[in-house]
Each structure stands twice: as structure tokens, then as C-alpha cells.
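Heads up, there are several structures right after this.
Each of the next two complexes has chain A plus one more chain, namely chain B in the first and chain C in the second.
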Partner chain A sequence: MEQTSGKIGIREYIAIVLLTIGTKLADDLPAILYSSLYNAAWMTPIISGVISILPLYLLLKTMMYYKEKSLLEIIVHLFGNYIGFVIIFILWIVGTAAIVIDSAIYTDIIGTMYFTRTPTIVIYAILIGVCVYAAKHGLEQIGSVAKAVLPYIKASLFFALILTMIEGNFAFLFPVLGPGGWEVIKESSIRLSIYGDILYLSLLTPYIRKTKDFTKGTWIAFVILIVELTIAILAYVLLFDYNTAHLLNYPYHEVIRYISIGFLANMETLFFPFWLIATFIRFAVYLYINGLLFGRLFRIKDFEHMIPSLATLFLFLGLILENESIALSELRDHLLFVVTPIFFGLPCMLWILAKFKGDYKNEKT
Partner chain B sequence: MFKNLITKYMTTSKEKLYTQQSSEEAISIKEKDITSNLDHTTSTFKSIYSYPNNSDVKFRDIQIGGINKKAVLVFINTISDTDMIEKQILNPLLLNEEPSRKIDDLISAQSVSTAKKIRDILKEINKGNVALFIQGEKQAFIINAANFQGRGIEKAENEVSLIGSKEAFNEKVMTNISLIRKKIKSEDLVIESTTVSKRSNNEVYYVYVKDLVNDELLQTVKERIDQIDIDSIQNLAILEQHIEERQKSIFPTILNTERPDRAASFLEEGYIVLLMDNSPASLVLPATFWSFYHTAEDRYVRLFYGNVTRLIRMMAMFIALFTSSIYIAVTNFHAEMVPPDLLLAIAATREKVPVGAILEVLFMELAFELIREAGLRIPGPIGPTIGIVGALILGQAAVQANIVSPIVVIVVALGGLSSFAIGNISMNFTIRICRFAFILAAGAFGIYGITALFVVGIFYMVSIKSFGVPYLSPLTPKYLSSGDTIFRRMLKNEIFRPSYLKPKDMKKK
Partner chain C sequence: MKKHKLVYKISCLFILTLILSGCWNQSQIEERAYVIAIGLDNAKDENQIKLTYLIANPEYGSQIQGGGTKEPPHEIISFVTDDLTTSRNAANVVISKEITYDLLTVLTVSQEFAKDKDFIRWMYDTTKDPEIRRDVHLVVTKENASEFFKKNEPKLETRPHKYFDMILDRGVETGMLPSSELIEYFRITEADADLFLAMYGTTKQNDDENQKRDNDNFTAGEFRYSGQTNTTNFAGSAVFKEGIMIGKLTADETRTTIMLNDELNATDVLTTYTDPFNENYRVATRVNKTKRNKVEMDLTARTPTIDVTIPIEIEVLSAHSMVDYEKDISKRKKLKKSIEKEIRTKIENLVRKTQEEFKAEPFGWSLVARKKFLTIPAYEEFDWMKSYPDMKVNIKINVTFGQFGRQSELPNEKEIRD
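Let's turn to the complex of A and B:
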């Protein structure tokens, strides 16, 4: 009889990363990319991915060096108590903003695409309620569920993308560079934050069985994500052409309405549950990480108990945003800009400071 | 706080209402040792057993031949083997002619032991053994002669198997142990026993394979059983409810099986099996979700046959859970999903039905559950009636009376039928109860409600532990094991025992 340690293994970690970041291909992220990059939007995941390798590498290197410390402890260790507190506080604020904006967007998706007559607050409350229930169970349970459902979610996505590709037109890809090469690189690099969640996910290291699992898992998940996001964004363009695609707020949901097999003309209700499950898990992870940060900031040891109250706060903040539904994707875009420097800068600073403090030298000698 | 006060008030007032008779005197007598005075001992036992009002307790006075000592045999003749008592105890004692022989040598029964304390002697007599008191001896001889009445070994009725052995456990624990021993002929198979209840002195038998079982697990199980403080535990089904971790949960966490072959195969993996008198079953623990989903048959048939059955059973599980709720969700919320022809057909049949789809489905589900429950409780000879009534009410009359639409009959019947494919009774209940929850969720929020409830359910399932073992292991969290979850593998590839049990020997071969 093995008493579980409350920690997750590499499989669970990869599942969590894939679900939190992978779900982005099914919200309004592709729409945001299409609006500035047209049919070259599919290059963004690759270009940002390539650029992200640097901060990721530095982050993992720093974390591998302070093996026994969590990211938060490393930040405090390197920046000192006060600046450390400020940085963690900023992380928490940005994380909170992300949850509020994203959950409002997801509520909007459910409301506008599937349940037009149900009051928003009910949809929102169920979304947050289920996620709180999930998050309160702790990371081990979230990881277990993520791992258990991942194959089915990805299979449904794969199925949808295959059907999309079959119906798609490859001529829509041209001109390949869309608005121009320089534009593509510029726009892609200011949206590095697509992968910014990894920075937040690295807060989970104390709950992962081995540090090596974390680094290995991150790289594996990262590669899968790049491929997955690229293919998805490519698929939407193939089906709709960029002109239509950038008008669509939620391309994935339009896609699953569009495709059909045999006598089943409207298949979205088949794909919708899988997307929902992924969504629930994604926000459960977000809420958990947010609680973790909050707990660290205000020295609350059993931070899991804070999650319901925090989530209620997010719910009401999100409802305020929800009333301005046109503003939502604007806000999301702004958030992507804000997170980018943090995602790029923080690991670099950590690494430089670690070098400066001479901790690396000690390692070599 | 108020709750505490109220319960406090309730208990004190109740205790005042019912004044108890003090049994301290009786208890203090039982704690004493017997004396060498035979008449005194006999009268003590007669008063304890309310002799001669208590008609099946026998006191047999004899004069032992050869030694010429007075003696008394005490036993309860309804639970002991009277034939054996006569041949192996009475005859040798009465017919003895040699004055030098000891009592142990006189009696030819299987086992003879001695006891001094009155309580211990009573316990043995209550088990069906014979107590022999001899004038001048400060101890009683306990002679093994128990013979409880019970059924013979019969076919398994709830867990039917076409190819496997047909024997099932019966209500006699000794028979059950012998059925297990028949399958595991090993000196490492240990059967320990302990008394769990205070008044009825019910015994629980731990069965395990010594060189496989994890000692810590065994210790936990023993502690859990030792903590039970209750007057009587009649059988395993009651015991199961006492030792479960989450007693209000709808998911079972201990497997109740009536097949000795299944129990034996679990033992060989390192699980612990509990047996008790009066239960035609055994408890296997810890149990994971998979043990409720598997049947013995899956492993007896060839790889593909077994996996096809498993596939069908998994489908049945999902159909039983979701058909009704998906029907409601689709007709109420996602009508665009159904092809127009079918949608029109459904609408046409529903035209005359006065109630909404959800009421219609709930009504049919309830009718189905009623027929099922009534069919279970109905005496055998009038059994067929229920089938006719069920078929007529459900299949024909309800539709013709425009209370339900034909498609709802199909949907509910399909779900109901599928639920029979889940063999385990506990899991069957779980699925049936969950089905109603899903119907309500679908009625309120369509697919969104179903999915939300499903996610909550999955998180709940993942959080359940049975004696420290996660409920869905080895699927998640991942553990090294034979990989026998949704599908099974080739038998020759099943190399490992489940590592979540931490058995002493991981490799099967």
C-alpha cells in the first residue's frame, strides 16, 4: 500500500501543461493573432516558441541549480525580501488578471456559442464552482484527472482538426508571409506570453516528485504545444481564409459547427464536452497557482482554504468585464503584451543575479 | 455548538427515561475462575444458562470409568455434533477401565484444550464445543465438537461465470476457508481470526498470503477492525459499512465477492480477504474502481473475447449513465444537433404528450426502477407477472395513453438494460443513482450541466482512497502493475503485482 505523497509525476505534469496552454487554441487567441498577422498567424507559435527557448532555458537552469528551492524561494533569495515581495505581488496581480479575463472570455464562449438564453451569472458560477471544487482537492488530484482525460481531449481535438484539414483549401495559405516578414517576427515576439503560463507552472515544482521530471516534462510539453498550436491555427485558416477567420471571435467553436460527418451535420455538441473538461481543468490549475501565490504573499500555510473566497472575488470581477464583452478580447491582447516582458525578463534577471551572486561559481569548483 | 447542546440534552433525557438493569453481578461472576468443587461449578453454569428453561443446553452427569470421578459435560446440542460427542467423548469416558490413564488420553476427539476462566469456557461452549468439568480439577477440558447447520456449496448466483468454477462461498466460514485453501495450496496462506463484537462475539477471519501482503496494510486493516465498538456484527455486509473510509460516499471501496476463485486470485496479488460466518461472500480490500468493473470471466476467456466483453461493459456503463441525460440535453438545448428528419419524427411523437421531456424521462426511469425493485422482492411463483405488467405498462399502454413518447421508452429501456451489464451490485447502485443526478443536471443546463457534473464526479473519484490506495490507480496516479484496467493484457505479459499495494514480492514470475 503506497501512501501518496501529494506530489505529481512527469505524466501528470505534462498533462497539466498541455491542458492549460493547449486550450488556448480553442479560445480567442487565434482570432487575436489573425487580426494582426492574417494568414501568417500560424507562424507565431513557432517563432515565439523559438524565442521562448532562451528564457525557458535560463529559467530551468536557474531552477536546476537551486534544486531544493521553489521558484518563489529563489526569487526571494536572489532579490531580497522587499523586491522579492514586490515581484511575487506583481506575479499574483498578473495571474489574477489572467484568470478574471480568461474566465470571462470562456463564459462568453459558452454563453454566446451554446447557451444564449442562460443568464451569464449562472454559467459563470458553474464554471467557477466546478473549478473551485477541483482546485480545493489539491494538485495531486488535478494532475490525476488531467492525465486521465488528456488522451480523450486530444483525440477529439485531433479528430476535429483532421476533419477541418480535409475540408480546407491550401491556397488560403498564400501569400505565405502575410503582412510581411518583419511584421511577423515583431508581432510574434511581442506575444511570447502564449507560453508565459510555463513561468507560472514552474511554481509547482515543490509538488513534482523529481526536479528532473519538471525540466524534462517542460521540454516535452513545450515541443508538443508548438506543434499543436501551429497546426490548429493553420487549420482554421485553411477552412475559413484569414479574412473570415479574423472576424470570428472563437474560431475553434465555429470550426466544430462547420465540419460534419455523414448524417451528423452539427457536431459541435460532440466536441463541446471535451473542450469544457479541458477548460475546467485549466482554471482549476490557475486557481490553485493563484492560491499558492496568495498564500506565499500573506504567509497562509493552508492556502487551499483561500481558493473559494478568491474565486468568488474573481467571479464578480469577471462579471463586471463580461458586461463589456467587446472589450474582452482587447483586454486579452493587452494582457499578452504585459506578460511578455515578465516572461522574458524574469528568468534572465534571475539567471544574471545568480551569476552575479557567485552561486554558479561555487557549483563549478 | 447548539448541535452539541441538543445532542447532550437528548441523550441525558433518554437515559433517564430508560433505567437500565445492572448486569455488574453477572459480569463479575464471569470474570472468576472455576473452583474444584464440581457441584458449585455446575450450579454456576446452570444459572448462567438459565437451565432448564434454556432447552438446548445440555448438562450430562457421568461417572468416569476406571478413575471413578464424577464429571459433567456441558454443551449446546443444536450447534454441536452429538454423534461425535457420543462416540468420541462419552463412550471412552464411560467405558474406561484403566485407573492410570489421563483424561487427554481417554478422549479421542481432534483437539482437547483446557480453560480456567468462566468467560473463556462460556465462549467455547457458545461456539459449539463441549466443556468437561471433573470433580477435583480446577480447570475444564474443552473438546472440539462444533457443528453448525448450513447450506452446502452451491452455484454462484450474483457473479455468474460460464467457464470458471461454479462453487460459491456459503454461510459457513470453515467451508469458505477450505474453498480458498483448495485454490492456494501453500503454507504461506495465513488465516487469522479476531472477535469484533462484544455481545454476539462475531469473529472475523483475515486471510492473506504471508510473503506477499504488505505488513503496514495488514496493520491498518487490523486497527480499523479493532476500533469497531459495537454489540453485534452479523455479517460481512455490515462489517463493510463499519470499516469503509467514506461511509456516506456513493462509490464502494471494498469489494464483496461470492466467488472463491476471485478471492484467491486477489490474494495472490497481495490483497487481503476478510471472511465471516453467516456471509456467503468475502470482502477484498483495498479495492479500486477496476475491481468493480472486472469480472472473473474476463480472465478465463481468451484475450480478445475478454477484451470485447470489457469494451461492451464499458459502453454499457456510459450508456446507462448518459443516455437519458443526453436525450434531455439534446431535445431541450441542442436540438440543432439532431438531423432534421429525426428531429421532426421526435417532435411528431411528442406532440400529444402533455408533460416536458424531463418529466417524461423521470417518470419512465422511476417506473423502471420500481419494476426492478418489485421484481427483486416478489416471491418466485408470481415472478412472471411482473414481467408482463412491466412490458405492458412500459412498452405499450404508457405510449398509447400519450403519457410518454415511444422514443423515451427506447431511451430509458436502453439505459436500464445497460445498467444490468454492470455485474457488481454496489457499482450498479452507484451508476443508477448517478444517472438521476445527470438527468437533473441535463434538465437544468444541458450538455454544460452534464459535463460539469462529470468533472466534479471525476475529481471526487480521484480523491477517494481505499485503505490508502487511490481509487483509480493504476490508471492514475500511475503505478507499476499488470496493466489490467480497462482492457487486460496477454496473461504472459502480466508480470507484476500491483505496486500500489506494495507487496513483498513485486514480480509474479
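Let's turn to the complex of A and C:
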């Protein structure tokens, strides 16, 4: 077999970011936003996007500054061994919680919307199994798959959203401020963590060919994500109106069940597979990053071998949650709150510490 | 080593095939019974419903078999049950195949049941079942739904799924029926501001001989016809307020509603208007709405007002008075005035009816009102449904003429009779 570098380029990186975060528009994230912001929910991706620019900028700046080091090394370097360990541990715990809760939610989507009779454990095991298979092959493989399927996934999504918009009614956007302007800003800013995955994805820098690719790719993907999430959340309201939309668990899946082109009904069979592939890639990346953190924590060099055993653990944790599937969405909302301060605070602290330590000056001279 | 790899690969293949055959959701077409329409009626017990399934026979009339099967096109089964989902098992006591709602297109509800205060509980069953899609049509029937299905015997299109598809779509196109998908039922009920209109149909003929002069002013069952055809007819609409049926609109009123409501759309409306030159005759026209209505509201005034301007394009198809409308501008002006007046009176009557009788409107005006508010709390404070009955509604009609038929010029009646 040909030996490869195991690193990814800018296109692969963008594809990974778009698929990991972009898939959120097709799970229960819109439902969470509608339940507090009603028809103004579409402003959340924009508002939290604008606020996220600060931590993102600081994060990228700090990382650019220690070009040779990965984010984990920077954390250890700046915080020292002990606090660094604690921070990485917290990152790992939060990441684990995200995988467990999200994968349980995705299993719930597949189970309730499509395969109603298949036992949950089978769906869960297949979902995790495929993702582990992908994750174990390393980031380069995930990246190239992501890059290859991205156009099709986004095209199908775009198509679905266009059809939704055609069926929709723009009058449903009014009253334009939803529950009130202040409320919108408040609720949006405590859910900054929609983009929190970027912090995790920045752990991948050692596997990106050029550091420049990372900064550039992050900004490009970030802008696309804001637009994409906004349009999607807008589209669901246009079709259902806010009173109905906040009652739906999984708006995207309700949407693809409703839309039809001419004589072609049951369009969901066209859109579902694309969504599924995106899901696989998303969790493959999550698992890979989780393994990376775990490997760093306990000094395991070939952390890829840890992924299957970790995933098995997550599977069983997720199954416990799955039995309480009503609580899932609430848990996810809590998780969004928890991740927000980490996503906002960590880059700021890193940057301040770097300034404080005076490493900045050294670099410039 | 190589041998090991081969064994490994083959065993993988075997495991994969095992997994594939274990699809829990797999089922064969011929093992499923496709429910095309569900009927809901009151049962004796309060917490139960009488459910009717209209199950299509997929073999019937299929081209591949040369239209060959001796089995009937559909079968009907009615029974009392607790809800829409578990009823599928109960039906299997009689039906040999697995019941599926995948091809469900019509949900029929008897008028009596739709007026039941618990009606909405059963409707929400449909949002739970993953097989029921939100584009299912809601149809209200005058008689019991079970009876409706039994009597319904389409002659030229015996396949039930095609029959319902076609007759309902056509009704929507001609404006005799509102488009009444479940998605709208839930949206309007949950928004709690407007009225929802459902299609109205029956197989029962009304024996009342007092047919009105204007021939669109009927609901299903009032249209008089004879011949050898199906007794089912669909016309007019059932009015739902807060999810429960409160009244009816005639086919003509339904059309007028469609004219007022930009969210509804009828593309092929043929109707007649009184001829201003001879009141005994009527002018046959095709009505088009090419532009959206202009709805302006003043909600801050003590009596809130709504000003509606409705642009309508009218093609005169034929005029029995044999008045030469094509050539004479002044005659055309008079016709225009008279049609505008007729439509306006019709609309004003309907608006009065909605304000006094229904105390809410089916025109989608609450959506326009929403634009006047910045936040949802402010809009809810205003309470559209409560405020509407006291509002002042001004209607303005803007008629423009389209084509005047194939042969525009007509001979002078007197000269021929000469």
C-alpha cells in the first residue's frame, strides 16, 4: 500500500467542519431554538456567529503564534502541567457528553422517523459501528470521504430547502422580533456553542498540511455555516409557522416528509441517505477527536486503537439515555449552555496568558 | 497467510448477509394492505372512535397484468377502536395483510364527529404516527364516514387512490373546495387566530327543492343532478375554529374566501354574473387572480379597520343577452361596474357572516396583522381572533377584462328575428 502522510488539506478540512456543524440543522437544534425564540430563531446563528468571531479570532491568533505546537501543547505550555491536564480532561468529558447525547438523539431520529420497528440497540450499534470503522482509518480517510460526499450532501440539502421555501409563506416571519429583541440576543448568546465544535476541530491542526489552511479554512467554513444554518432555520418556520415549528422534534425530517415534486411523493427516501452519510462523518470526526484527547490525557500514542473501546463505552452510556428519550433534547440544551463558556472563555484565557507570558514579543522579533 | 485473509473476508461477507436479511422494517408489497382513506365517526363510548379503512387493491387495474384481477378495487372495514395507531392490529383480525398508512391521502371525518369537543384529541394521533404525512387531505362528510365510503362508488375511476386524488385536486382548481391539508389544520389551530376550511362532501342528496338561482350557491348534497353516476359529491367547506367544526360555507362562499385569501389559490374558476343590460341573463366568465390582494390595516384606531383591494381579471366567455361588449367601451364600463358591485356585495355578506356567525375569519388576515407588531407578546396581547369581529372591513374590487371569447362579435338579435 502507498504510504500517505496522514494529513489533510484545506478542502478536506472545510468539508469536515461543514459536515460536523452543518448537520446540526437537521437534528433537534432548530427545535431547541424554536422553543425559546419562536420565529426569531433564525437570528440565532447570525447573532451567536457574530459574537463567536471574538473567541475564534483569539483562538486562531494564539494558535498562529505557536505555529509548531498543537492546541493541546499550547494549553499545557500556558497553563502548566496540572491545570493543563484538568482543562484537557474537562474538554474530553464535555466532548464525551456531546457524543453520547448527540448519538442518542440521532439514533432516536432514525428510530422514530424511519425504522420504527428496528430495535434501538441495533440502530445504535450500526451507527456507532460505521463511525468507529471510519474513525479508526484516521483523519485522512475521513477527510477524503467528507470532501467526496460534501457536494452531494449539500446539493440535496439545498434542494430540500428550496422546495421548502417555495411551499412556505414569508408572512410567518412576523412579528419579526419574536419574543422581543433583548430576549433574542440573550438566548442567542448563551447558545454560542452551536459553533463550539470549531474549538474541538482546532485540535486537528497537527494533521492539517499547512497552518495557513487551518485559519483560512476555518473562516471560510464559518461564514458558510452561518448562512446555511440561518437559511435552514428560516425555511422550517416558513413552512410550519412558529406555533407548529416549536412543537416538532425534528423539523428537517418533517420537512422532507412533507415536500414533494409534482407526482413524486415520499421524497424523504431521497434525502434520508444523504443525511445519514453526513451523520456518519460527523460522528467519525467526533470519535476521532475524542480518541485524540483521551490519548493525550493518558499518554497513549496510538490512540486510534482506543476508539473502538471508547465507542463501545459511549454506546452503552447512550443506550441508558436512549431509554429516557424525552429528556434527550433537554440534555442537549443543557450541554449547549455548558459548552458556551468553554468555547468563549478558553480562547480568551489562552490569548491573555500568551500575552502575559510575553511570548508574543519573542515571536515578533 | 493468504488463506487466512480469504477465510476472514468470506466470513465477513456471510455476517453481512446475515445482518441484511435481518432488516426489521423490511416488508413486501404484496404483504401489505394500503389504506387510502381513513374515516372517523363517533362511537357510543366517549373515549373511542368508529374507524373505517378504505383499503386499495394494488392489483386492480394495473397495466402490467392487462387490468386482470377478479378481486374488487377496494375493501372497506369499520370497527370501534381506541386510536388510529393501535387500530391497525385490530383490523388484522379480518384483513389478512399488514395494514400500512404509507399511501394514505384522505382523512374523512363525519360532520357530527368534527363538531365533537374531543375531536382535536383524535386529530393529534396523526402527528404521532410516522407513516401519516402532513399532506393528507381533511374531508368532512355530511353523513357518517363509514356510510360515505360504503356508498361511494366511482364509475370511471374505480381505483380509490386515483379517484380521491383527482376529484379533490379538481375541486381545489375550480375553487369549489378549499385546499385542506393536515399541515394547515395544525398550523391554523395552533396559531389560534384564523379559521381553517376543510373540504365538504357527501353521498346524500338533499331533498329540499328550493334550489337558489345563483347556481354555485350550494354545498355538497344540494347540487341537483340525475343520470347514472356516483352519488358522491364534493362542494363547499366545513369551517373549523380552534380545531373544532363550527359551520359550513357554500361552494360560492368558498370561492369568495379563496379570492380573499392569498394563501389559497384556484386556477380555473368559471362562474356567472348578472348581466347589467338584462337582469334575466347571466354573463359567463372565467375569473383569474393574477396579482396579490392589497390588505392595509389600521390596528391602532379605536375601531381597527381593514382595507382590502382585490385585483381580478375577468374573461367574458359568453353573454346571453347578446350585448356587444367587445366593441362598446361604455357597455364594458357598465359591465365592469356591475360585476365589481356584485362581487363586493358577495364579499361583504361573507365578511359579515364571519364576523357575526363565526367570530373569526378564514382569509389569512392575521398574517398581515402580524407584520404590524414587533414582538410575539405584543401580537398576542392584541388577540386577533377576539378583535376581528368588531373591525371595520372595507372592500374594493378592481376588475380588469381579459379576452372576450373566440367570436367576439355577435349578430344583432333583432335583425335575425326580423
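As a convention for this text, the second predicted complex is superposed on the first by the 360 of 365 C-alpha atoms of A that agree within 3 Å, B and C clash if a C-alpha of one lies under 4 Å from a C-alpha of the other, contacts with A are read in each partner's own complex, and residues count from 1 in each chain.
Convention: a contact is a pair of C-beta atoms (placed from the backbone, for glycine too) under 8 Å apart; a residue touches a chain by one contact, two chains touch by 3 or more.
Note that the structure is predicted; figures quoted are calculated from it, not measured.
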Checklist entry - Counting only touches as set out at the top, which of chain B and chain C does A:118 meet: first, second, both, neither? => result both
Checklist entry - Taking the superposition as given, does A:12 touch the first partner, chain B, the second, chain C, both, or neither? => result first
Next on the checklist: Looking at A:39, would you say it contacts chain B, chain C, both, or neither? Reply first, second, both or neither.
Outcome noted: second
Item to check | Touching partner for A:73 - first (chain B), second (chain C), both, neither | outcome: neither
Checklist entry - Thinking of the overlay built on chain A, is A:178 touched by chain B (first), by chain C (second), by both, or by neither? => result second
Next on the checklist: According to the stated criteria, A:254 is in contact with first (chain B), second (chain C), both, or neither; which is it?
Outcome noted: second
Item to check | Per-residue touch tally on chain A - higher for chain B or for chain C | outcome: B
Checklist entry - In the superposed arrangement, does A:241 touch chain B (first), chain C (second), both or neither? => result second
Next on the checklist: Based on the A-chain superposition described above, do chain B and chain C contact any of the same residues on chain A, and if so which?
Outcome noted: 114-115, 118, 122, 265-266
Checklist outcome for this item: The chain A residues in contact with chain B across the complex are 1-4, 8-9, 11-12, 110, 114-115, 118, 122-123, 126-127, 129-130, 133-134, 137, 140-145, 147-149, 263-270, 272-273, 276-277, 280-281
Checklist entry - Which part of chain C faces chain A closely enough to touch in the complex? => result 23-25, 102, 130, 133-135, 183, 186-187, 190-192, 263, 364, 367-368, 370-371, 373-379
Next on the checklist: With touch defined as at the start, can you tell me which chain B residues reach chain A in the complex?
Outcome noted: 214, 216-217, 220, 286, 329-330, 333-334, 336-337, 339, 445-452, 454-456, 458-459, 462-463, 465, 467-470, 472, 475-479, 499-502
Checklist entry - Inside the complex, what are the residues of chain A that reach chain C? => result 38-39, 112-119, 122, 169, 171-172, 174-181, 239-244, 247, 254, 257-258, 260, 265-266
